[in-house]
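Below you will find the structure I want to go over with you.
Labels A, B, C and D are assigned to the chains in the order they are written; within every chain, residues are numbered from 1.
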Amino acid sequence: DKITVAGIYTQPIQQKWDACLHKALQKAADAGDIDYVYSEKVSNTDYIRVLREYSEKGVNLVVGEAFGISRDVRKVAKDYPNVAYLMGDTFGPAGSNLSVFDNYIHEPCYLMGMIAGKMTKSNKIGMVGGYPIGEVNRLFHAFMAGAKSVNPAVEFKVSFIGSWYDPPKAKEFAYAQVEAGVDILYAERAGVVDAAREKGILAFGNVNDMNKEENGKDVVVASALWHMESAVNHAISQVKKTAFKAEDYKEWTMMAKGGASLSPYYEFEDKLPADIKAKVAETAEAIKAGTFTVKINDEEPKSTF
Amino acid sequence: MDILQLFLETGFWVAMVRMATPLIFGTLGELICERAGVVNLGIEGIMAAGCMGGWMWVFLGGSLWGGIVFAACIGIAFGMLHSLFAVYLGLSQHVSGLGLTMLGSSLSAFVFRMLLPKATTPPKIVPFAPLDLPVLSHIPFLGEVVFSQTALTLLAFAMVIIVAYILFKTPLGLALRMVGENPMAVEAQGLSVLGLRTAAVCAGSAMMAVGGAFLTLSAFDAYYIGMVNGRGWICIALVVFSSWKPYKALLGCLLFAAFDAVQMRVQQQAGMAIPYQLYLALPYIFSIIALIIMSRKAAYPKALLIPFRKGER
Amino acid sequence: MRIEPRENQSLGRLILALFLAVAAALSVCSLLILWSGASPVQGWLLMVKGALGSKFAISETLTRATPLIFTGLAAAVAFKAKLWNIGGEGQFYLGACMAILLGTDTGLSAWALIPWLFVAGALAGGLFLLVPTLLKTHMNVDEVVTTLLLNFVVLLFVNWLVFGPWKDPMSMGWPQSAPVVDAAALPVLLAKTRLHLGFVLGVGAAVLVWLFMERTVWGFEIRAVGHNPNASRFAGMPVNAVIVRTALISGGLAAMAGVSELLGVKGYLTTDLSPGFGYTGIVVAMLAALHPLGVVASALFVAMIYIGADSMSRAINISNYIADVTTAVSLLAVLCALFFTKYRIRRG
Amino acid sequence: MPMIKPVLSLSNITKTFGRVLANDQVSLDLFPGEIVALLGENGAGKTTLMSILFGHYLADQGEILVRGKALAQGSPRAALSAGVGMVHQHFTLAGNMSVLDNVILGTEPLWGLKTRRRKACKKLEGLMKQFGLKVDPHAQVSALSVGEQQRVEILKVLYRDASILILDEPTAVLTPQEADHLFATLNQLVKGGLSIIFITHKMREVMAASHRCVVLRQGRVVHETPTRDTSPEDLARHMVGQEVEKKARQKLIPGNEVLSLKNISLSGTAGKTGLEHLDLDLRGSEILGIAGVSGNGQSLLADIICGMTLPDKGDILVHGSPMAGPSPGAMVRAGLGRVPDDRTSTGLIADMNLMENMASETYKKMPFSRFGLLNFKAMEKETATRVKHFDVRCPGLNTVVRNLSGGNMQKLILARELSGKPGIILANQPTWGLDVGATAYVHDRLLEAAQNGAGVILISEDLDELFLVADRIQVMSQGHLSPAMDIDDVDREALGLIMAGQGETHAH
C-alpha cells in the first residue's frame, strides 16, 4: 500500500538543499512506494498554514524544513498526532511524531579539503557561500581542517554572497577570489564552478555531484554528496509499519549510514596523486568505522589572508 | 592589500563593467519610460521574464541572439500591458507596475516549472562567449576591460549612445521628452500622446528584458527562480541618480557596480572585523549618498506619473 | 474610441465590475490550470474553499490580511500627501526590531507591554522614514529611491542582528533572535488558529486613520499638501512640517505591521518575517484609492485571492507559483474594474 | 461677402460634457482674409468650440468643412495638416524645454535621423523679426515671463504656416502695447490671405481688430454682427444677457499707512529680474496700482508681500510695525487678503472642494474647526453664505474647484480673502481671463473694500483697469519701482513709456 508524502520547501526546488529532499522523495514516488506532492518557495510566514493544510488533508508523512519556525512546527505536530513529520531542524526531535534531520556532510568536505590541500599550488583556497549559518559554516570548517591536515601552509578566503540564489553574484565573488590568488574553489553556491572553469582552476562541489550536474567536467575534482534517500526511505518504511517515532536523523545524513559520501573522481581519477587518494580512502574508512571524527564547528568562518 | 591597490588590478575593472551591464540595460529602459512620463515599476518582473524567456529560447534549441530577440519581445508584451493600464486607461502607474512585477516574476517561475517539471539542477546552455576582436581586444587595459567582454556588454554601451542620440538629436526623441514634460504640448502639435508613451514604454521594457536575459545568457548559463534579485529596483534608483540623462546613467551603473566589486574584494580580506552585511549594504548606502550629492537640482520630467486622457484637463 | 467620466457611480455597478474582474482574472488563470491538465472549475471551487471554506481558511485569510492592513494604511497616508514611501518593508522590519529590543527582557504585564511595544515600534518606523523625508524636504532628494534603497539596508541590518548580536543562543545556530516574553504575545482570537488581536488593531487603526484624515485639522493639512503643496503654502500651511508629520504616521503604521506580525504570529525575529508585506501594502492602498476603510477591504481581497489560490495549487497539485500569478492577474483586473466604475469608453 | 466661399465652416456643432451642454448647434463660417472675434462669458463654450475644431474634443454632432472638404474630427494632426493653427488659452508648452524645442516639436517626420535645429532656428528668428515677437529661441520656457510664453505660443502657430488661425484669449496676459503689436501682426497676416478667429474678453481689441463678431451664450450663438455695426456696450449686453454697469472709483480720503516696504532688494534667479531698492507705502482707503509689463519683477514683489519669498534686504512694515518673520501664515494672521495671479495652482487647491478651499487659510479657527476637529456643519453654512454673497456659481459646495470656470474661481478666492474684512489687500492680476461681467464684479469688490477702509495694492498690466480703479500708481520696470504718482496726474502715453523703461522715472 502507498502512503502520501508531502514536501514543503522554503526555496524553489532547484535550490540544492531542497532539491536533495525533493529528489529522494521523487525517487520513492517513481519507485511506486509513495504518492508525492509538494509546495516550493513557501515563505516562513506561509509555512505553518501549508503544513496544517497538508496535515488536515491527511498526508501520512511531511518532509520539510522547520528552521526558524521550530516552535510552531512543534505545535502543529502536536495537533496532528497521526501524521509523521520529518523536518530539517536544529533542535531535537519532539513529541511522538516529529523527527528531525540536518545535513551533516562535513565528513566528505573534510576529505575534499585533504585533496584540495594537496592540489593547491599557491597554497590559497577560496570558498563562496550563501549565508554564514551553521549548515554552511560546518562544511567550511571541515573543508579547511581537511586541507590543513595535509598542508599546514594553506590559507583561505571566505565570502558570503548574502543570497541563496544569485549565481551571477556568486560567480563574481569567485572571480574576485581568483584575482586574489586562489587556485582552488569550494563551490558551496551555484555559480562558483563556472568561475573556476573560466579561470582554468579546480573546484570542489557541494551537496550534489557538480562534476556531472553543473557542467563541472574537468573542473570539479569531487563533490561532497548528500543523500536523503536512506533517511527518507527509513522514514517511509517506519510510517508504513506504523512505527514512526520522534528521532534524530542526524546519523542518516552522515557517511556511516550512507547519508553522505564523496563523489567519484571521474576524469580526475588519473590526475590525482596516488598517495593522496590512498590517504582519503583510508580516512573515509576511518570515518565510517567511527574511529575518526570530523569536528563540527558552526562558528562563522573567516578569511585567513 | 589596501584598497587603493585594488584599483590597479585590471580584474576589478573587468568585473565592474561586467556587473554594470544588466544595470545599464535596465536603467536605460526605465529612463526611456520615465522620460515619456511613465514610471515602470514592472522592471523587476520584466527582467525576470526576460531572464527566463531568453534562456528558455536558447535551451529549447534557439540561437543566442534569437534568445535576446525573444526576451525583447517578452519585454514588449509586458510593455504593452503596462501601456494598456497606465497609459491608455490612465490607471495608477505604481499599481500597474508592481502588479506586473508580481506577474512577471511568478509567471516566469510557473512557466519554467511547467516546461521543466523535473529540473532540480537547473540545466545549462552555452552562453555568449567573451569577444576576441582583432585589434580592439588587444589594446592594453581597455581591450580587456571593455572589448573582451561578451557582445551584450558592447551592445549595452552602444545602447547608451543610441538612446542618448535618439533622445537629444532626433525629432522622435524630442517628442518623447516632450510627452514626459507636457502631454498637452504634444497633442497640440498633432502628435499622439498615447502612441508615443506606448512606444517608449514598450521600447524601455524590451531593454529591461534584455538586461534580464544578460543574466542567463552571458553572466551565467542557467536560470534560477528569483535570480534577478533586486537588480530592477537598483535601476529605478539609478535613473533618478542620473537625472534622467543616459550618460549619467551609464556613469551611475558603473559606479554602483564598482561599489559592488569593491565590496566583494574588501569583504574577503583577512582580519576584517566588520560584519559582511555592512559590505553588502555599501552599494546601497553609497548610492544614497551619491544621490544626495547629485539631486540638489534634479529636474524630473514634469508629467511623470500624471496620466493623459484626451478631452480632459 | 474615447474615455469619458461617468456622471454617477452606483454600488450595483461597482459590485458587478468587481465580480467581472475576478471572473476575468480567474479565466486567465484557468488557461494555466488547463495547461497543467487539471479542471479549472474544480480549481475555482477549491480556491473559494481554500480562502473561505472553513474556520481555518477564514482565519488564515484574516491573518494574512492583518499586516497588509497596516502597510496599506501606511502607504495610503503617505501617498495622500504625495510622499512616495516605498519603504514600508524596511519600516516593517524596524518595528519588529523594536519589539525584540524591548520585548524580550521585561517584566511588564501584557496590558502595559503590548501598547508600549506598538508605540515604540511605531516611533522607530516613523523616525526612520524621517531620514528620507527630511532629505526630500530639505535637499530635494527623491524619496522613492531613498526609501526603496533603505529597505535593502534595513534588511541587511536585520540580517546582521540575527546572525550576530541578537542571535538566540537557544536557536542552535540558526539565525533568529530570542523570542519576546509570553506577556508580549498578542492573544489569539480563535482557538487553534493563528488569527490574533493584530487584526482587530488593524481594523481599529483603519477607522482611526479615516477619522484622522477626514475630520481633523491635521488630516486636512495632509490632504491639502498632497493635492497642491504650493497652494497650501500660500494658504499659510507649514508644508514641511505637514510632510514630516505624515512621515511619522506612515512610517509608524508600517512599523506597527511588523510589531503585530512579530507579536501575533512569529514571536521572534528572522530575515523572512515578511514576504514583501511592505510592497504589497502599496498595491493594497492603491486598490483602495487611498481610502483608509477601503484599505481593509482590499487587504482582505488580496489575502483571500492569495490564500485561496495557494491552497488550490496544493489541492490539484500544480505548481504553487500559480498563487502569485492569480493574485497579480486579479489585482490588475480589479484595477481595471474600478476604472470602469468611474469611466466609460465611448466609440467615435 | 456672399459669393466668396468660406475657408472654414462649422455647422451644427453640439457637445456635451456630462450634463453640461457646452455647445448647442453652433454654426460658424470664416471667410478668407477675415478676422472674427468670438465672444462670450466665461464658460459660454468658446474654448470648447475651438477645441472641437482643432481636434482636442470630439463633437457629439456636427460637421467641419475646411475649404469645402470635411475635416477629420478628433485629430489635431488632421487640423494642422489642413492648415489650422491654434493658440491655446491654457499654454501648451513644456517648461523644461527650450523655446526652439517647443516650436519645432512635431514639425519634422518623427523618424528623421536628425533634428534640423539650425535651419529651424533660422526660420524662427526670421519669423520673430518679421512679426516683432522677440524671444530667445534657446531660453528655457519656464524662465520666460507669461507674456513671452504667449509669444512662443503664437510663434508655434506661425512657424507651421497655418492659413486658419485660432487664438484663444491671446492677449489675456499681454500688455496693451504687446496686444496692439499682435493685432498689427494679425492684420499683416490677414493681408497675406490668412483667416483668423480670436477669442477675447477685451472690448477694445474686438473693436480695433475684428471684422465680425460672434457672441456665444450658454453654448449657443446669440448674436452675429459686423464689427462696425456694433459697440462694446451692445456686445456686452449680448454676452451677459443684461446691461453691465461699470463702477468707477470715487475719491476717498486716504487713511493711515497700513503697509510699507522699505528699501526691499532681492536678487533675481536664472532669467528672472530681481528687485532693487523698492519703496512702497500703502494707506487705508486707497487703491495703489502697480503697472508694468509682466516679467519686470511684479511676481517677486507679490511673492514678498504674500510671504512666499523673503527679501534679501529691506523691511516690511504692517500697520507701522515691522514683520519679524514674514511667511504666508504670518501674512494671513497679520490680516492680509491676497489674490494671487495664478488661480489654479496657487490661489486654490484645484482638487479639493469649495468648502475646503474656503477654509484653507483659516481652518484652524472657529467656524471651521474646534479642538483640532473640523466642523463640517459650520463649514458648510459659512461657505454657503459666502458663496451666495459673492455670487460664485457652482453645482454644489462639494464640487471640486477644478470644475469651476476661471471667473467663478476668482470669485471664490475673493470670497475667501475679503470675507474676513482684511485691512490690506494684494490683488495680483485679478481679472486675467475674466469676462466683462466678472471683471466688473472684481473691480466692484475691490472698490468696496477700499471704501470700507482697506488699503489695496492692485498689480495689473491692464492700463484701462488701473485708470478705472486706482488712486495712485507706481510703475515696475526692470526690478525698479517708480515713485507713486497720482492717477489724475499721469497720462497713458507717459505711463507706457515708463513701463517700457524709457520714460522718466519721476513724474511731475
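We take it that contacts are C-beta pairs under 8 Å (C-beta built on N, C-alpha and C of every residue); 3 or more make two chains touch, one makes a residue touch a chain.
Every value quoted in this text rests on a predicted model; they were computed, and no experiment measured them.
Novice: List every chain that touches both chain B and chain D.
Specialist: Touches both chain B and chain D: C.
Novice: Going by C-alpha centroids, which chain is farthest from chain D? Tell me that one.
Specialist: Following the centroid criterion, the farthest chain would be A.
Novice: State, to the nearest whole Å, the distance from the C-alpha centre of chain A to the C-alpha centre of chain D.
Specialist: Here the centre of chain D sits 76 Å away from the centre of chain A.
Novice: CA centre of chain C versus CA centre of chain D: separation in Å?
Specialist: Centres of chain C and chain D (C-alpha means) sit 46 Å apart.
Novice: Using mean CA coordinates as chain centres, what's the gap between chain A and chain B in Å?
Specialist: Whole-Å distance between the two chain centres: 34.
Novice: Which integer distance in Å separates the CA centroid of chain B from that of chain C?
Specialist: 28
Novice: Which residues belonging to chain C are in contact with no fewer than two other chains?
Specialist: Only 2, 5, 156, 159, 163, 319, 321 qualify.
Novice: So which bits of chain D are touching at least two other chains?
Specialist: Correct list: 58, 74.
Novice: List, in ascending order, every residue of chain B touching at least 2 other chains.
Specialist: Residues 109, 277, 280, 310-311 of chain B each touch two or more of the other chains.
Novice: Would you please name all pairs of chains that touch?
Specialist: A-B, A-C, B-C, B-D, C-D
Novice: Touching chain A in the complex: which residues of chain C?
Specialist: Touch residues, chain C against chain A: 50, 56, 60, 64, 156, 159, 163, 171-176, 179, 192, 194, 261, 265-267, 270, 272-275, 307, 310-311, 313-315, 317, 319-321.
Novice: What part of chain D is in contact with chain C in the complex they form?
Specialist: 18-19, 58, 74, 306-308, 327-333, 338, 340, 345-352, 356, 359-361, 363-364, 369, 372-374
Novice: Can you check the complex and tell me which residues of chain A touch chain C?
Specialist: For this pair, the touching residues of chain A are 10, 37, 39-46, 48-50, 52-54, 56-57, 67-72, 79, 90-91, 131-134, 137, 162, 298, 300.
Novice: Residue numbers of chain B touching chain C in their complex, please.
Specialist: 81, 85, 89-92, 94-96, 98-100, 102-103, 105-107, 109-110, 113-114, 230, 233, 236-237, 240-241, 275, 277-278, 280-281, 284-285, 287-288, 291-292, 295-298, 300, 309-312
Novice: With touch defined as at the start, can you tell me which chain B residues reach chain D in the complex?
Specialist: 169-175, 177-178, 181-182, 184-192, 299, 301-302, 310-311, 313
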